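There's a structure below that I have some questions on.
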Amino acid sequence: MNTLIAIIGLGVLCLLFEIFEARKAIIPVTIIGLLAILGLDITDYANPQSYYNNMIIVSKFSAAFSGLFIILTIFLVTLAHKFYQNNQSKISDFIAIKIFLLAGAVAMVSFGNLAMYFLGIEVLSIALYILASSNRLSIKSNEAGLKYFLMGSFASGIILFGICLIYGAMGSFDVTEISELSRSAELPVWFPIGIVLVFIGMLFKIAAVPFHFWAPDVYEGSPALTTALMSTLAKVVAIATLYKLVTIMNADLSGNFQMMIVIVSMASMTVGNIMALRQVNVKRMLAFSGISHAGFMLMTLVSTANAAGTLLYYTSAYALAGIAAFSVILYVCKNNENEDITNFHGLGKTNPLLAAILTAALLSMAGIPIFSGFFAKLFLFNQTIQAGFIALVIVAVVNSIISVGYYFKLILAMYTKESNEVRTATPAVIYIVAVVSIVLNIALGLFPSMVLDLLA
Amino acid sequence: MNNILNEIGIENYIFLSVILFSIGVFGVLYRRNAIIVFMSIEIMLNAVNLLFVAFSTYHQDAQGQVFVFFSMAVAAAEVAVGLAILVSIFRNLGSIDINNLKNLKG
Amino acid sequence: MNVSLILIILLVGAFATYLAGDKLASKVALLFSIASLGFSIVLLNQYNLGENINFINQWINQPNVSFALNADGLAIAMLLLTTALTPIIIYSSFGNEYKNAKSFYALILFMAFAMCGTFLAADGLLYYIFWELALIPIYFIALIWGNGDVEERKKAVVKFFIYTLAGSLFMLVAFIYLYQKAGSFLIQDLYNLNLTASEQLWIFLAFFLAYAIKIPIIPFHTWQANVYQKAPTVGTMLLSGIMLKMGLYSVIRWQLPIAPLAAKEYMYIFIGLGIAGVIYGSIVALRQRDLKKLLAYSSLAHVGLIAAGSYTLTIDGLRGAVLQMIAHGFVVVGLFFASEIIYRRYETRVIAEMGGIRSQAVKFASLFMILVLASVALPTTFNFVGEFTVLYSLSQINVWFAVLGGTTIILGAYYMLKMYQHVMLGETNAKPFADVTFNEATTLVIIVAVLFFFGMYPKPITDLITPSLENIITQINRIN
Amino acid sequence: MSTILIIFCVLAAITLATAFLAIFSRNPIHSALYLVICFFSIAGHYLLLNSQFLAIVHVIVYSGAIMILFLFTIMLMNLNKENEVHKPRITRLGAIVSFGLICVVLILVFINSKPIVGEYITTGEDYQSIKVLGKVLLNEYMVPFEFASILLLVAMIGTVLLSKKEKTEK
Amino acid sequence: MNTNLALLLLLAPFLGFLFNIFFGKSIGKTASGVIGTLTVALSFAVTLYFFGQISVSKTPIQIQLFDWIQISNFKVDFGFLLDQLSVLWLLFVTGIGSLIHVYSISYMHDDENMHKFFAYLNLFVFFMITLVIGSNLLVLFIGWEGVGLCSYLLIGFWHKNQDFNDAAKKAFIMNRIGDLGLLIGIFIIGSLFSTLDYATLKTAITGATNLDLYWISIAAFALFIGACGKSAQIPLYTWLPDAMAGPTPVSALIHAATMVTAGIFMITRLNYVFDLAPDVQNIIAIVGAVTSLVAATIALVQTDIKKVLAYSTVSQLGLMFLALGLGAYEVAVFHVITHAFFKACLFLGSGSVIHALHGEQDMRKMGGLKKVMGITFITFLLSSLAISGIPPFSGFFSKDEILMVAFEHNKVLWFIASLASLLTAFYMFRLLYLTFFKEFRGTAEQKSHLHESPSLITFPLIVLAILATVGGLISLPTNSWLNGYLSPLFSKEVHEAHHFGTTEYALMAIAVIAGLVGIGVAYSKYIKQNQVPVEDAEITGFSKVLYNKYYVDEFYNVLFVNSINGLSKFFRDYVETTLSSAVFGLEKIANELAFQGKKLQSGSIGFYLFVFVIGLCTIITYLFLAQ
């Protein structure tokens, strides 16, 4: 709870900076603030309890994920320093929106009441709509914003309908009560339908097939930093929330429901990976890659017993790799109209370090050891096999193989093609973010227990 | 006070709400004018709001109605942001036909 | 002193090489690789003295993964192979100029690190990690420093990577399945599992896919020739000299003892595949136009025989396989280096553009001849010892296996001599061919010396590996 | 058929009809107006359900604020004419199919479900007066209430952000 | 002492090889030749010592050096066995080897790579010694393959000529086919008896009661295939005539006197195995007889002087195999020895001729050399008489014994063998007449350079001619020193001196008469009628078939070489690409799917939402309505 309040306070502070014309200080102060909040979050982790009539339940789960969100936000805010260089007048707005977005995210994983959940997801979504279309003069950005907005509202409607049905069945929005009531024998059918509708709405948010169509278009159209945010933070938030919803409401994971998850998971992986094969735009490619990763993450839901640690690990690995990848993309494409692979030609020669980082990030996403992406997949597979879904794991394995195809396309472009432009010196910020995130990624790979045991 | 649902039945509200919701869905799919699409989404949200109130009565519980406030707040916020995006598209394209927005694909 | 130090040496070496800069990189790399060789000899000594050089440390609690390195005779033999070949390979590359040499040599050392790790790992997951890690450096080596048309090279290399990765991921699934049963990835726990026949079959097949692609066994070999051709010779040497052995080693270390029932049940099929590889590889090698491709197919034939030997599940088969692995490791490195020597002078690998070299480069011709002869397993060379033992073990299963597998000595002689004839013999070539430099000569002489020494006196190696292999045989026979 | 049911039916008919008309009418202005009627009818439902406060809020927020915003935008964009070209058949078909599907599926689901226990509980307690609502909203739901303000704040910043002119881009 | 001496015996030529390889070029041609020769001579001297020792003690000398190969049920040592057989073989290997080395000093003097030639020759002797003195089958195998290698190196000595290289390659590969057989035989013996050591093996076989005769027969057959390859028997004989591409001393040493007899050595060595497999023995006998006849017929029409001798060698080896097949090992050994003498002499003589004619090998371009090359002619004549089986020359005794043994066992085999010896006499004298009699048919330029060869060449000729003449004395029909000497080797009683009755004398007479008839026909044809073989193009009828060696090479080419090459091409061009595209096929499918999928991703919000709704309805239907 303290975390949430502090984050909101920080957001307001950002707006105040604008008033006091202290734009230069915004980013450093925000980063320091976020670091402090991270410390606060750690105390939350050590001290789980519920607040304000169960509106907010701080658990190890919520605290751990909040920590991850905060770290990701720190990276994203740091990158913002460079990204909004030419947009100083709006920087406080951007940063404030991001901070509020983080607040929504934290609310989403620590809700104790469906009202908080709904508001959280709306704060997150609306912030994202704004960020997606924030490049006002770019038609692509506009289009992305509108598409995301229309479809997102549609999904919100579905979620709201689901919440409504849950309420209809249970007469309460409090998850603890719902959870208790759901154990009783007599349940109106509204409850499972409600759960399914909320579930579908969340599937939209994490961009799982067949609710994934928005993702590539929106990722491509949005400003690169927003894409980074969507593909890392937003996706992680959505899947964590989905996981929390499924577990906390004690939803009946009947055989059929699991089968549905399995099918959606398989479909997401396969469609995401296959579609990514022929993409030329890197952001779009990563969008499809994100879809396939959503499929992987969904695998945690078929065996929710101990999957929280795995999910946290997977999301951390994925998001850190994503941050590293996007920081390189930001650097490469900052002067370009688009983010086509051609821009990456010869990066291996012109900037070996960033090329190596991007390579490492992609390898991590592809699941190559020692990067944490590998361990993430390993734990996931382990869990899923334990739950008896070998077929799902086999599909996942086949998909991992396919995914190498397009990750390597980018790597090949960096190392085998000749560079077609001269690249100027890189800002230190990008180096810092890229290096730190990839180092964290590898550290996670070397010491998986560090994260895994947080939610053991 | 008598529970009004004795007279009408919660099912009727559910059906009404479902149909209204479906009309909203239909509108979103059917129209290409972005504003009308927004309106359709509002219809969807209102369908749900209606059901909330019905359930609130059903349970004799105030929370449902409170949730409607939040829902309205969300609707208002969405409309504000949505229209802002729309305006900016209109400024760029001079049109708000969503069929013109097919630059991002493939 | 424990065995993990060797990994540290190589890893530190890789970083040091990268930091040393382009000019010094090769020397630093050589220094570290020799250090690792020295250290592995020390280890050998300690092992022979009966000291405990194994290393185990809990790594991940849940799932239960340990950082466990187990250096038994077999592992030490493979370790020695790796650490002996790495300096040779690095030294041999002194005649070439590489762009961005620091990365190049760092990658070589890193690959050696991963390969040593694969040979030493006694924990399934750790093993898998090293196994995969070894793939990345070679991918970049082949991709960036390879030769030929970029697009084709990319195609070949990516195919190789995806193909091998595909195989190994199924192995990973098998490992996870085993973990569910055993509650640990430790090799001993996996050995002790009591799996049903059908479980064993599936696990065996999952392993087989990984190894069949890596080794390669037909029909999973299609990546091989192209990658060998496109990779820089150093990469080809690493691939054929050591990396293929990872697959063969793994068959012996992991596949057979963990799923012995399946291995026994379908023994004929797998031996048959190995032997089919021998014949097929030899026949395809006959009409290759590219020297490196020809050597690649010859490699296919040889490893097919080794695989067939391993699948006999006899002590002879395993011992022969290991001996042949080591021997083949050296000879194939030598042969590829010979092709590189020619390439340095003629800038071609097309056999038709060679010929008539012998009269110009006598020393080279002799050394090359010896390598060719070793490759066709002439007695007194190390390869003969291995090949003889393997063929003997095959004859114990079925004499026709020995006959068919034995065609390698006929067909092998055919394509190798044909190759030698067209590459080296004939009218003196119009293009001048300078004889081997000191560097080239030393490299080849070291290889030749090793081949002859162990060809006449393989006892040290046999004694080293036999106890471990007997252990493995015991494991294989535990269920009856 | 009680009066209340009749009122319900009439209101429902109006709601659905105007919702349809809002979607079908070609002129956006008309759509907006139909929608206003629709919202009023929904407010009627609220009244029927005895939630007067909510009904009023509903009218204020939707008909008063949101629809005005719509109308304002429509006029701003000068869309008050029938400028929408003929839609391709596939679009219409898709829309109708999904409408039918979602409608049928959801209704079927509810019909298939167990019938609700006949007796509707009547606690007799006040649960929807302004007083009660205020208590619930500001006691139990204080945090969401505050959080809703954040939502609106974000929307506000966003709207400003999207409309503000960049200083550098002159 | 014995160990050191044995090592000296073995390593002396090896050291010679090393020395010549590394320093041969720098020390000059003659010096390298001399060193090469001396090392072999040293071996010969040591051999003589061992011969003396063995003759006296009659106990074999066993020397173990070190463990070599470890097999599960047995261990193979690197060790030597010096017994009667191996020492006997060593005698003529090192002896004739020394002579041929001497000969080569002069013969190869014009070659720029003479040091290499001597190095290879030394290496050959080294491997031949290994083959002979090895104490087990695997050490024999070292030598076996080693001599094959040297044969390869020496046939292809003039490596600039690709035809020679082809011949060398062919020799090596056909040898390897045999080697595979030998290996299989070794495997079976190893698994049957858990040993490869001759001595142990012998005890194991002779001591055992219930032997697995089936597998022993298979082993024997496999070993015989090995022998076929090395000793150029049907069907693996075609390499030997081609092997004449090498320098003539090589032909004399390797392809006449020593290496090709390795098969006979091996079979004799393992006589106790073969004795257990009578079926295989029959096969050996038949193969030997047929080979001897076929080769003899081909030799009839050959015009290349060395080719004639090569086919003659094949034919003579066939006779030896006949003897082996009939269990008369000591007879075969006897013929090996005499054959080594006269065939080496013949080859060296032909070399002398070729040397004089500067490389001309076609007999149609020779003639009349008797006058200028007296010593060569006389030695050649003596050897020809010996090979034709004319008493009292050595060949008479050995060949006669074979014929006699054959007669005892099977009249058909005897007839074939006799026919072969008749033909032998004919073609040898055809060769002699065409080369040395009448007028010279070569170019004038060649004629002006005709000369007798230098003494370094004639000296070995003379020695060999003498041996060819008197060599028969070691095993006279009535009093055979050789049989007695070799008797400890054989499990069966050696055929003690035949009862010399009328049959035997008649057989002897027939053999002699056959020889004389052959000579007579040759005389009438080439001296009386003054015929010269026609040009290649004019050869017709059966002669053409013979001249083309029954088209066996072509047949093999079509059947094996071409088919395997065709297969290779097929594999390379089709199978490989198909397999490859099978993998790429998956990639193509994925790409095609991606391509189609991109169309779905149309950018239309309506469509996206449509799919959304469909997905939603499907899920709800599946979960709630499908039950």
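Chains here go by letter, A, B, C, D and E, matching the order in which they are written, and residues are numbered from 1 within each.
Everything that follows uses one rule, which is that a residue touches a chain if its C-beta (ideal position, glycine included) is under 8 Å from a C-beta of that chain, and two chains touch if they have at least 3 such contacts.
These numbers were taken from a predicted model, which means no experiment stands behind them.
The minimum number of touch steps linking chain B to chain C comes to 2. Taking the CA centroid of chain E as reference, the farthest chain centroid is that of D.
Set against the Cα centre of chain C, the chain with the most distant centre is D.
Measuring from the average of all protein CA coordinates, the nearest chain centre is that of C.
Counting C-beta pairs in contact, the chain pair with the largest number is B-D. Centroid to centroid, with C-alpha atoms defining each point, chain D and chain E lie 102 Å apart.
Work out the mean CA point of chain B and of chain E, and you get 97 Å between them. Work out the mean CA point of chain A and of chain C, and you get 42 Å between them. As a whole-number value, the distance joining the C-alpha centres of chain A and chain B reads 27 Å.
Residues of chain E in contact with two or more other chains: 587, 598, 601, 603, 605-607, 609-610, 613-614, 616, 620, 624. Contact of a single residue of chain A with at least two other chains is seen at positions 115, 119, 122, 126, 129-130, 133, 136-137, 147, 150, 154, 189, 193, 216-217, 405.
Shared contact sites, meaning residues of chain C that touch two or more other chains, are absent. Under the touch rule stated earlier, the contacting chain pairs are A-B, A-C, A-D, A-E, B-D, B-E, C-E, D-E. Within the complex, the chain E residues that touch chain D are 606-607, 609-610, 613-614, 616-617, 620-621, 624-625.
Touching chain C in their complex are the following residues of chain E: 21, 66-72, 78, 138, 141-142, 144-146, 149, 152, 156, 159-160, 162, 165-166, 168-169, 172-173, 176-177, 179-180, 183-184, 187-188, 190-191, 218, 564-565, 567-569, 571-572, 575-576, 579-580, 582-584, 587. The part of chain D that touches chain B in the complex is made up of residues 2, 4-5, 8, 12, 15-16, 19-20, 22-23, 28, 31-32, 35, 38-39, 42, 45-46, 48-51, 53-54, 57-58, 61-62, 65-66, 69-70, 73-74, 76-77, 79, 84, 87, 91-92, 94-96, 98-99, 102-103, 106-107, 110, 116, 120-125, 127-128, 132-133, 136-137, 140-141, 144, 148, 151-152, 154-156, 158-159, 162-163.
Listed in rising order, the residues of chain E touching chain B in the complex are 598, 601-606, 609-610, 613. Of all residues in chain A, only 309, 348, 352, 363, 368-370, 374-375, 378-379, 381-382, 385-386, 390, 393-394, 397-398, 400-401, 404-405, 408, 412, 415-417, 448-449, 452-453, 456 touch chain C in the complex they form.
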